[in-house]
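Beneath this line is the structure, given in structure tokens, with notes to follow.
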Amino acid sequence: MSNTAMVKKYRNDFLREVEEKVEEGDWVRMCMQCGVCAGSCPLGDAWEHPPQEIFMMIRAGKREEVLGSDSMWMCTSCYNCIVRCPRELPITHIMHGLANYAHRLGLAPKANPTRRFAKIFWDNIATSGRVNELKLSLGLYFMDGFGNGIKKALAMKDVGLGLLKTGRLDPMGLFKAGGIKDKSGLQKALKKAREIEDTRKGY
Amino acid sequence: MADEKKIGAYICTGCGIGDRLDAKQLEMTAQRDGKAQVVKTHEFLCSADGVKTIQDDIDNDGVNRVVICACSRRAKTDAFAFDGVTLSRANLREGVIWVRPDSDEAQETTQEMADDYVRMACAEAKYLDVPEPNENHGNNLRILVVGGGITGMTAALESARAGYDVLLVEKGPELGGWMRKLHKRIPDRAPFDEPMDTGIDDLVAAIEASDKITVALNSRIARTSGAPGQFSVDIATESGSTTTENVGAIIQATGFKLHDPAAFPEFGYGNADVITSAELEELASAADGGPIKRPSDGKEVKAVAFIQDVGQNSTEVGKLRYDSGAGDLVAIKQAMYFKHHNGDDCDTTIIYDNLRTPGTAGEDFYRSGQRKEVIFTKGAVSKVDAAGDTLKVSFHDKILDEDTEMEADLVVLDMGMIPVTGPDPYATLEIDTDDDEAEVVEEEEKEDGVEAENPVEVSVESILNLDYRQGTDLPQLKFGFLDSHFICFPYETRRTGIYAAGPVRRPMDIGQAIDDATGAALKAIQAAENAQVGRAAHPRSGDLSFPTFRKEGCTQCKRCTVECPFGAIDEDEEGYPQYNEGRCRRCGTCMGACPVRVISFKNYSVETIGQQLKAVDIPDEFDEKPRLMVLACENDAYPALDMAAMNRIEYSAFVRVIPVRCLGSVNTIWITDALNSGYDGIILMGCKKGDDYQCHFVKGSEIAHMRMSKIDDTLNQLNLEKERVATYEVEITDIERAPKLINDMAATIEEIGMSPFKF
Amino acid sequence: MATREYSFYPGCSSEKKTSASNYMVSVESMCKTLDVKLNEIPDWNCCGASIGYAEGGELPRTVMNARNLALAEEDSPGQDIVATCAACWLGTRESHERLGKDETLLNDTIESLKEAGINYEHKPEKNIRHMAEVLIEDIGYDEIGSHVSKPLEGVKIAGYVGCQTNRPFGIHGESYENPKYLDKLVETLGADPVEDYDQKVTCCGGALAFSEPEKSQNQIKKILESAYDFGAEMIVTPCPVCQMNVEVYQDQINKAHGTKFHIPVTYYSQLMTVAFGGNAKEAGLNGNIIKAKKLEEIAAK
Amino acid sequence: MTDVVATNQTILVVGGGISGMTAAIESAECGKDVILVERNPSLGGRVSQLYRYFPKLCKPSCGQEINQRRIMAHPRVRVLTMTEVDKIEGEAGNYSVTLKTAPRYVNEKCTACGDCAEAISAEVDDPHNFNMKKHKAAYLPTNMAAPQRYVLDPSIIGTEDAEKARAACKYDAIDLDMQEESLSLNVGAVIWATGFKPYDAAKIQPYGYDRFDNVVTNMEFERMMDPFGPTGGKLLRPSDGKEAKKIAFIQCAGSRDRNHLKHCSRFCCMASLKQTTYLTEAYGDDDDASATIYYIDIRAIDRFEDFYQKVKDDKKVSFIKSKVANITQDRESKNPILHGVNTEGYHRYDDEYDLVVLAVGMDPEVKADEIGCKVAANTSGFIDAHADDAGCGIFGAGCATDALDVNRAVQNSTAASLKAIQVINKTAGAEA
């Protein structure tokens, strides 16, 4: 599926695409537009389009607006929507799935901080098998360049200091190997998984 | 035994009656004023011993007019039930001691109250007779079903299965109605996920196989006369022949027609690819298992838009105020046709406003539709246009809040159901309220079938051709439907022994129609069975009494024939009322209507009430003891006063309450007599009238209110204040209000003074 | 009572010198008292956490969790897996469930893991549990209570359950909106639960505390405010992310909103360790940035 | 109880609510013998807890009065209250039924004079008022009680109060030695009309029914309007007894929800529309009174649509298309605050009210698969009337078969009555 797939309004083209490509996407059709998910989201104010509206947009064929939206990136994975949904839609997962799909297609908003953080996070764990919190934080702070990074890091220095003082942050984290023993095995498994997924979803 | 009336009055001193009242005094009153031949006091009258005392007197002493001076007529009904005698109840408990304070100063008036109730009960007893079943009843138990659609067929089969003979009349050449045109039907059993076969062929085969069902095709009802148990029906065939059949009860199951899609040009009907949901059924059947093709060019349909509630749920002229109830389920079912026949890649979009898929079945089916990828869009369609090879549906998406459009190969319009009913007999019937003569504007058949509240054209051709004085067909409630608007008693039409079933009653789908038809069959069977023994139907079911009139006194004024809420009375050739007792519901509205008071029941008459109000002791003007009379509907107002008593809510000791069958049975002579004999105030308590009437006799309360609106003339003539007579709508739950109305009247009398008519 | 044994998935944040290392310290102390033996999964890897989705798709995430499942089974066959971190628990359990439901996913996972020389065999009966479940369902309040030697008398504690310990799985019999088990536990330990605390399941922002700090801190502010409003002196939580977010941003929130939040946020295992008679170190109290003074006092008694 | 006569020509009707009463009296008025059993001490069922019916806004006791009068006076109907079906076996035309009757401690000599209630002091929860009110432990179940006979709450048996009650009765109507009785009968057909119970609102955790005083159910709201109900007919907030003027109605509270009742309960939309009129009844044109209905779809089905139109025209009433996400409570005022999103467009709200009414749905009182005798259950536990049940002589009626409004329940019960009569007549025909 290319980035410019043609979709007709209120036809099932985009819905089918979502069903095929997006994690748990085949649940989208079951939404009855009650809006309980929209109201349950802790970061609701930050959603340009709440989940229920996204589901309607999918049905209406608004492909670019959905995949280009930063709404899904506001998901904190709190699972409120999932447990309240009267139709048992795994909304959290669908949001993750849509975000992943949009990201993989390159349609997700480039500047979205959560998207960028998520990428850093994954690269962090996929390489070493475990989270290196210092690398992760620094990676996050410096993702907008060195100057911004210093600024952000300074803003967060008290937090870091607190953690340092209580032995909850490793100042040597940057230089330590860390992670699991069988890094290469995990990396190979993840590479394979990625390959299979790419093939299945046609990325 | 019936030769001589022998009154036995039995005074109970239980439940505090003996403590609060002077029982000896009551005995004396019953004897002296009530002229009771046998008077006994018992400390626990409803006990086995008390009841035996009475029964012994009946058996051995010839007592045939039993007067129970104890609790309310609503209490201990199982104990005080005696065969072959009349029963009067002086309500000393709920009517007297429970509504009066237990104080020395109240004692005198409380006792007076009790004495009066004893007098009244004895007076009533004198004029009561034991009703015997009307001899003029038919014995026909055969059921006539009019209409051969799913409702009619079900009614016929279910009646037959209960062992009753059925005559099924269908105007068309075959049975089946709309159901025959359906490809599939909405599922009626778990798991409610797929359309199911209609089963029409099996149903028709079952009817044909039944030796109890006779089918008349190509036939209409040319004339219906008679009454439950003895209807005579002329069946006219298309070929012109007419046969007369006798039946015991009738079920009208004449179904519906679809609202005209051409009336809404914005939806593009006229374009071959814009069709109604009914037309889609035929299209789906025609596809014969293959893909459904669009009418214009035979191209396989790949995208369908369903537009819901076309011309429905609107107050706009030309639109229906209601919806067809099952329209959304139908759309889901039909969308599934496309998924089945045209493949999963055939897109189906249902544009709805409020999706109405109720109950277990509805919601399961909705989910099943979604699982099959039917798309649901909350929206309002503004237009359907041809757009090149396809159709363009313009609508407002209410969720995304934007005007938008979609393309479709086929557009399906959900049209509303219009009941196929005859002309409403009361469409123009009015009772003139200005003229003493109560002139009646003759009912007319509606010329154009247009009603103010329902500007949609309805059928005006008569279905039943009743030769009743009050019109040819069943009265309608709203929007042309034959519903009764009795929530608790949905089948009770205003023509005894004739029941409506299916979409003539309210819009409904097949599942409901089957249910409805089965219920209507029960009611029809019941009506015929009851007619056979001369018993009344709901709400006075079991009542054996019936109205008769004294011909020599009758002035042929026609009030009774016009006012009867049930069309039970016709006029004979000479213009005298002709009673069809089987059609009568025993409300007594005719009795109340009669200006010359010639109509009566054996156990309910102008005398049985009139004598009660006359039996009340009216103290003279200077005693400062006014007398108020309450005529209370026995179904609602009287129980309300009873319940007030149970809660010890007090009211004036000057009031005497008389229960009536219906306020419609109140003859204004009672009011005039009461005023003339010195009553200071009169209150009528009846049920709610009007569109949301609660009167169990439909029009009784309304008619009473109309009659009473003219009572001012009488008051004027007597030079009395108009505040002395009041008519109220009282609900059964007016437990606090009903006593208050009484007390308010007492206060009013105190203000305006005593009646000068005390002698 | 025989020793209870579980396969144990500690998770990244529990490692030494990481954000929840003190959690781990107290869990170990607590388990010692309760005679619970935790068999750490050898060479376990990250669960993918709730933020891993964007770059890692469903299959890679599942592969990560399946690796842990396979290693756990190999090391401690038949044992329930217990996690102390909500995200670890959720990620592992979710993956396990999906592997049971989706055959394609299962086969793809097996194929991928072969690359790492791991044979994944799906065990549908395998239970993946949170430590709180072990405490409540396996051990029970009564037994926990029996170990209390220093009741936490007079300490008013708000039970902040958070999201992922609570949804979508939660503790059996508890409500998603108003779980009561922390309150019951607090009560069992002799402290005063703040039962009316009305933000006990409010989201702290989770991983978005990093990427969307303002939005997350608004959430945290609500969580703190309510604790103050209902008179809590301390917050207790079962989740390392919750603990960290609610604790470490208090100063930043104070700066931004002019508030004066300064309330300790502890783990249930810290409360239990202290109540069981452990010292401050055993309870990992030195790891709290905002010192839980009342606990320290009791521990020092 | 030994005087109960039944044969394979008898129809057993289980449940004395409007459906059971209808089935019983309609059958009897066709000439059939009927035994009507009711678990509670009085007939009436759920409708007797309602203040008004939609769409006519009339009072349920009005029809109840007529039904009860017909039933009590009909020689072919035998009413057994405080009685439940313990076991049922057999087949169409021949069922063995075991009934269990709980002790009432008051026999048929009772005159309903009320002396026993007067004499005692113990009070117990009144289930007729959803325990929002207490009544004496010797009580007449309702103003409309049928039979009109007192009941002693079992909790006072063995206490001084029970003795006081007995001593106060002049008619030897109190029998403290009554025991549970068992009765075995043979009947030809059974009509199962056990109705519904309101869904347990406490299970809908986001709405905090169990945590917030000012969140009530639609059934409780009905009781509040009754002058003899817990608030004397006034709409008073449970938290502080102040008048509730700004009221929210939450539709599908439990219904259409896979976490709770997956079916649509059908009546609740109309019930809430009806209940908005209570505000006018209580407050007239007071501008402070308002009702807001939060809904997914307004299901004013077919002819009821015009009632919806009427309510829409009431300027006091507004509609928000939204399933409310959750409710919180203002700490000081105890006002419930509704959180959610209006999905027509996209508008977030945090709306504060005096009182919230949860339009809770219907759960079958008895699950169909617990009845026995191959009675089939549908996907929500109601009786599946159309399942392949050839030869079955047990017929569901009313809300035992689906979530129905009163009108449809009566219609359905009338139909069930004919189904039972068919079995009876067939049995009679076979024996003749």
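Going in written order, the chains are labelled A, B, C and D, and every chain counts its residues from 1.
Everything that follows uses one rule, which is that a contact is a pair of C-beta atoms (placed from the backbone, for glycine too) under 8 Å apart; a residue touches a chain by one contact, two chains touch by 3 or more.
Note that the coordinates shown come from a computational prediction; the quantities given were computed from them, not determined experimentally.
Identification of common neighbours of chain B and chain D yields A. In this view the innermost chain, defined by its CA centroid being closest to the centroid of all protein CA atoms, is D.
Averaging C-alpha coordinates per chain places the centre of chain B 66 Å away from that of chain C. Between chain A and chain D, the centres computed from C-alpha atoms are 49 Å apart. Chain C and chain D have centres, each the mean of its CA atoms, that are 45 Å apart. The set of chain B residues touching two or more other chains comprises 355, 378, 399. Chain D has residues 206, 256, 321, 326, 343, 346 in contact with two or more other chains. Looking at chain A, one finds that residues 32-33, 52-53, 80, 83-84, 87 touch two or more other chains. Every pair of chains that touch is listed here: A-B, A-C, A-D, B-D, C-D.
The part of chain D that touches chain B in the complex is made up of residues 18, 22, 25-26, 29-31, 53, 55-67, 69-70, 72-74, 109, 111-114, 140, 143-144, 147-148, 170-171, 226-228, 256, 262-264, 266, 297-306, 309, 321, 343-346, 376-380, 382, 384, 386-387, 402-404, 406-408, 410-415, 417-419, 421-422, 425-426, 429.
On the side of chain D, the complex with chain A involves touching residues 206, 252, 256-260, 296, 321-326, 339-343, 346, 348. Chain contact summary for the complex, chain D toward chain C: residues 205-206, 208, 210-211, 326, 328-329, 331.
Residues 303, 305, 345, 347, 349, 355, 366-367, 370-371, 373, 375-378, 397, 399-400, 404-407 of chain B are the ones touching chain A in the complex. Interface of chain A with chain B (complex): residues 8-12, 15, 29-30, 32-33, 52-53, 56-57, 59-60, 62, 87.
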